[in-house]
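By letter and in written order, the chains are A, B, C and D; residue numbering begins at 1 in each of them.
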């Protein structure tokens, strides 16, 4: 049952969330739902990132008494992905916010949240 | 020196502090922002300067005092400096350009603007892959932030598509980055490179994800609908930034990433690149919306860059030179065009006709368009040249062909657009006014293109000998364009004359003959320019450009010089042609055939260069393989200028619609460039065949058919200048035939016919031009009876047509006689029969020309027409004098030409005994014939005069008219459809199969483009789907057969 | 007057209006000249040639025209007498007016006659040209041709047979050889009288006085 | 070239002129006899010319109109003089040292074009129509003619007419018509067109466009044209005699041969009615062209 350990489960879940997000993004016609799809996609990526950085049985990457300084590299989970995730979350937030702003503006212009109403530019 | 880190510091600081300014203080904020942008530009420029002039080492900047991978590191090397300079200059000028918009939107927009450029700067400098991601995101968000500030619904929905697409792409990138980190355990690019991820099972996928994400940022075809919408809808200033600055940054990122992928990545980049280049340009064909068209072009150019990067393994150390040449041309030209589009304010490209209200704007636009297509003297020209040479050297023929095809398609829509700008219909044009802040950036970039172009030519080893003096002269003429015609005309004539004088001693052989045709012809035709009054704006620089090109051809020793001159000539003649009335479509087809032909020549030179170290034209003499193909490519390329059958459809319209004194230039002189090219080619390459199929025999047939078709079409024209134009087509058919004979007499015929054609076609075009100037129509049937009004012009035309028809005693017969002997020598009888058939058909149009214009019935409106102006007549009579001398003393023309040909073909040369020429078959004494014919003529005339000296002069309606009398000159002048029975009998031969063919090709391609572009249905979700499909497809391609990219 | 011959104003290519008077601008208005016969010896020789080379312009105005055609056939074969047909007045020397002349036709006849070159001869065929014949009281035909142009030979009959025509040609030959065939000069000399007669019947005179 | 050449040339012109006029009369006589008439007197062409010169008045439409007959006659005389008329005779070799067969072929057009210009200046639509028809027809029969000429030039390896004639001496089996029949036939068919007799008389076409180009010419101008109508066909006959039928060593032979050659277009003309212009143009590009191509292939 090696495969059903924590990081693999979270990895699979992460990928599933990514796919669900993509599915939502591609199939929903409501702008808000599309953005939710994107948020799921983003979150999925974050989960994947964290699970990649996880080291089995590792502890939080804080150098305190719980960790032997000499063996820190093996005892803690990799701190970098966690740092990256933080940044990624911030950026994701920014993007989501911007998307919502866009939707707001679009709704003000056309009073519609239907994505098919915004196909004027094409070809 | 100011450290690069200050770029970030300044940008961030400015962005934050801008927040403190009140909205009211917008001007101050703008100045503050501008200061920051200037400072950023200054830093990058300073570093660039240091790298260029001093032995500056590449430096690494470590943040937080740690070495990587424990900190984010930035790198400032030469390339970084270059890219940063480009980006920051674009940024600075964009800021100036967008002053209105920034002022209107206030500090928020300025903040976003500065942040965007900070993002791009860091993206270029950073060596940390996650940092790269972060700042790419910042740039994307900032871009979207800029777009959202626009009011229009379209811009906002485009921005929404943009942000959705970039978000997905960055998601992919993020996954890639984390996966790479998983395998490489570092985010520092240098470490990642060292860990050779491509050879690890999952690592390859990780790297692939990063690579594909970066590529997707570059908007590859077809996953680029989101970007196109932004280009179309957003403010042109934003378009500029996305197209010039962001793309440059991401291209640089790609070059950073590629070492991680390893060698195999190049292949996939190359494929993506070429597909993008071809696909995007193809779809560009159907665009009428300016900014979207620019978008397609941008993406196409980026595709070309990707291709070049992908071809790095073959281009070797030239890659940088080539890629940078393309990039800088693209960045400057595209920025310039986007900015111009903001000034003109026309959504539709047809509305660009408004631009010609300000000719200087037109010059700017032309600069950008020609730079994009890769004309000299712009960097893209040299880059393209190097690219083709290297590809040929590495035997990448398919790549070479695809790149040329893509470039050609790009030329099609760009020149169509330019054509609308110069000559489009003059209705409902948008008003525009030029603001200083908007025009200055454009001017700076245009000048930059020239400067960098010049700089580039010094970098190209073989371009060092390029002659820029004529180009300086052109510049001088442009500078004095405000002066009246007669001053500029005199200066131009003096310039040409002086140049001829200086180079004359160095000329020999064919160069001398053609130099005389080009330059003496130039002087003669320019004499007619004194006819014009006023300023004739823009005319003289263009004329000189054409002549500079022609001169360059003569002086060229290397293939590059030759090609450079060829392109310069093309530009000049294109503008001359498009100056004419209703010349838009003709100029376009001229340009397209010229560009197509030029690419064939380029390909030919490229193939000829295989295995050669020098670029001398003499490499053609010992090519290392592909000889028949090289020959065919070059010959067809040159034949686009001689307008051989199949490639002739540009000619009639182009020549017919040109101004009176331009027609002789483009018809009598320019076409000879093709002949000159063929001579240069044939002298060096000699006999060529595909297996047992003799190419020259095919050329002879092409010449013969061209002659028949040209002459027959001439006979069926109603338009006098069109008739003359087709006559040129036919006559150059003879020349081609003569050259193809590859014998002394054949060449003697071809060269002497070229000289003669130059003379009589100048004569006729000037004469007819004079008539057209007076009667204001070109339709021959609307004229008639002008002999009594314009007797001097009539004499010119009379002599001209006697020469054309080859009737003794005038000099045209000499050509016919030599051709006969040449044919008998060679033994190609069937094409010869066709050639002589064509010669007789020439009678038809000759007669028609003189009859319908000068004879027959004078029209009401023309009863007070005056003789053509003196300055039109003067060159005609100079030429007439020369023709008479050559007629009476043929050896004064033929003997020198014969001596020139002698070293190459000595068999069957003519023997001269005084004016008696003796060949293997016959003999001919031009002087004696002149005397005999003259003598008989005088005697008979004296007899007639004696018998009928007091004949009653009557007027035009005094004709025996079946007891009735004519009532109107229009109904009595038999002129329209003059050869109706002939048309009935043989008209089917000239049914427009060829133009139909080209039209079908063109329409077919446009239809395909129209079908394909339907994939961009305007829905963000579709675009995301494209992105995902793109990834999947290229994943399959990359990992399809084997493991690893 | 026909619309096309009225004065009109057209615009020249330069945009200047031009006044056109077709009758003046398009037709020569020179008067016919009297050509003195050359030296008698030359003239005699010339007259022999003129008599033996009769180039005929047939003007088929009425039923008489039908009687000219047989002259070309093997039965009558006028060619053997040096009589040949010519399709244009410019080159013909004998003008055969065959039959009655309506006023409208007269105009054309006069014009054609004037377009022939001196010396020229006229043969009037049939009674109608002598006194109007069966149309003598028609409101619309002229009665005597030689009021309008000098006639050298009248061939009477309604219609005269081809044989009479041949006889007429023979008569003409005699006249020419004797040097009496000076109709063209007569016409020039009495030009005013002829014109007056012509204008009397032709009401809508819309051509120059002499049609070269 | 010496001055006596000019005298010889005048003698040639005189003989050929008379011959041409008589030939004209005789041929018309023959035509009449075929139609069961007596026809004109054989010397009728002389009288006609004298008559035309004896006309007292002349009109002219302009300079080109006035000198067109000069062009025409110069063309005819020049064509004659650039050929050796009698083979082996110094006197009647004329100016054939000035140029070869190509000169002769192209000099034909000198007169044609000059005439066309003058006729066109008359402003008469029939003149222009006639020229249009004439040029159309010329283009099409020149093709078989050219092919034939090339074949003959290759056969004898020269363009020198004297040498071509010399090569045909020694019995009729050496004549080109025997030795190179296809070329000869192609050229003879083209000759039909060159002579402009029915069925190829589309230019003059008296019943349609009263004699076409010369329709406005009269008096002395017409007289000059008539002189040319005597000389030009004779010159063409002599050309074809020289090329195809072994030339002539004396005047008797010349007269006999040219007369017989002339019978060819005369017979054809007597039998066939006139083609339409387009029919004529097309016809020359069918059978005669194929024969010409065969001649070329057989070289």
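What we mean here is this: contacts are C-beta pairs under 8 Å (C-beta built on N, C-alpha and C of every residue); 3 or more make two chains touch, one makes a residue touch a chain.
Bear in mind the structure is a predicted one, so any value in this text is a computation, not a measurement.
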Exercise. If you average the Cα atoms per chain, which one ends up farthest from chain C?
Worked result: A
Problem set entry | Centre-of-Cα separation between chain B and chain A, whole angstrom | 50
Exercise. What is the distance in Å between the mean C-alpha positions of chain C and chain D?
Worked result: 35
Problem set entry | Inter-centroid spacing, chain D versus chain A (mean Cα positions, whole Å) | 99
For this session: Specify, in ascending order, the residues of chain C that touch 2 or more different other chains.
Result: 33, 88, 90, 212
For this session: Could you list the positions in chain D whose residues touch two or more of the other chains?
Result: 57-59, 210, 215-216, 219
Seminar exercise, completed: Residues of chain A that touch at least two other chains are none
For this session: So, with touch as defined above, which chain pairs make the list?
Result: A-B, B-C, B-D, C-D
Seminar exercise, completed: In their shared complex, chain B is touched by residues of chain D numbered 1, 53, 57-64, 66-67, 69-71, 73-74, 77-78, 81-82, 95, 97-103, 106-107, 109-110, 113, 116-117, 120-125, 128-129, 131-133, 135-136, 138-140, 142-143, 146-147, 150-151, 153-154, 157-160, 210, 215-216, 219-221, 223-224, 276-279, 281-282, 285, 292-293, 296, 299
For this session: Under the touch definition given earlier, write down the residues of chain B that touch chain C in their complex.
Result: 774-777, 860-865, 952-958, 960, 963-969
Exercise. Given the complex with chain B, which residues does chain A contribute to the contact?
Worked result: 18, 22, 25-27, 31, 34, 38, 41-42, 45, 48-49, 52-53, 80-81, 84, 87-88, 91, 94-95, 98-99, 101-103, 105-106, 109-110, 115-116, 118-123
Problem set entry | chain D-facing residues of chain C, complex | 33, 35, 45-46, 49-50, 52-53, 55, 73-74, 77, 79-80, 82, 84, 87-88, 90-91, 93, 117-119, 184, 212
For this session: Under the touch definition given earlier, write down the residues of chain B that touch chain A in their complex.
Result: 130, 134, 137, 141, 144-145, 148, 153-154, 156-160, 163-164, 167-168, 170-171, 174-175, 177-179, 181-182, 187, 225, 228-229, 232-233, 286, 1013-1014, 1016-1021, 1024-1025, 1028
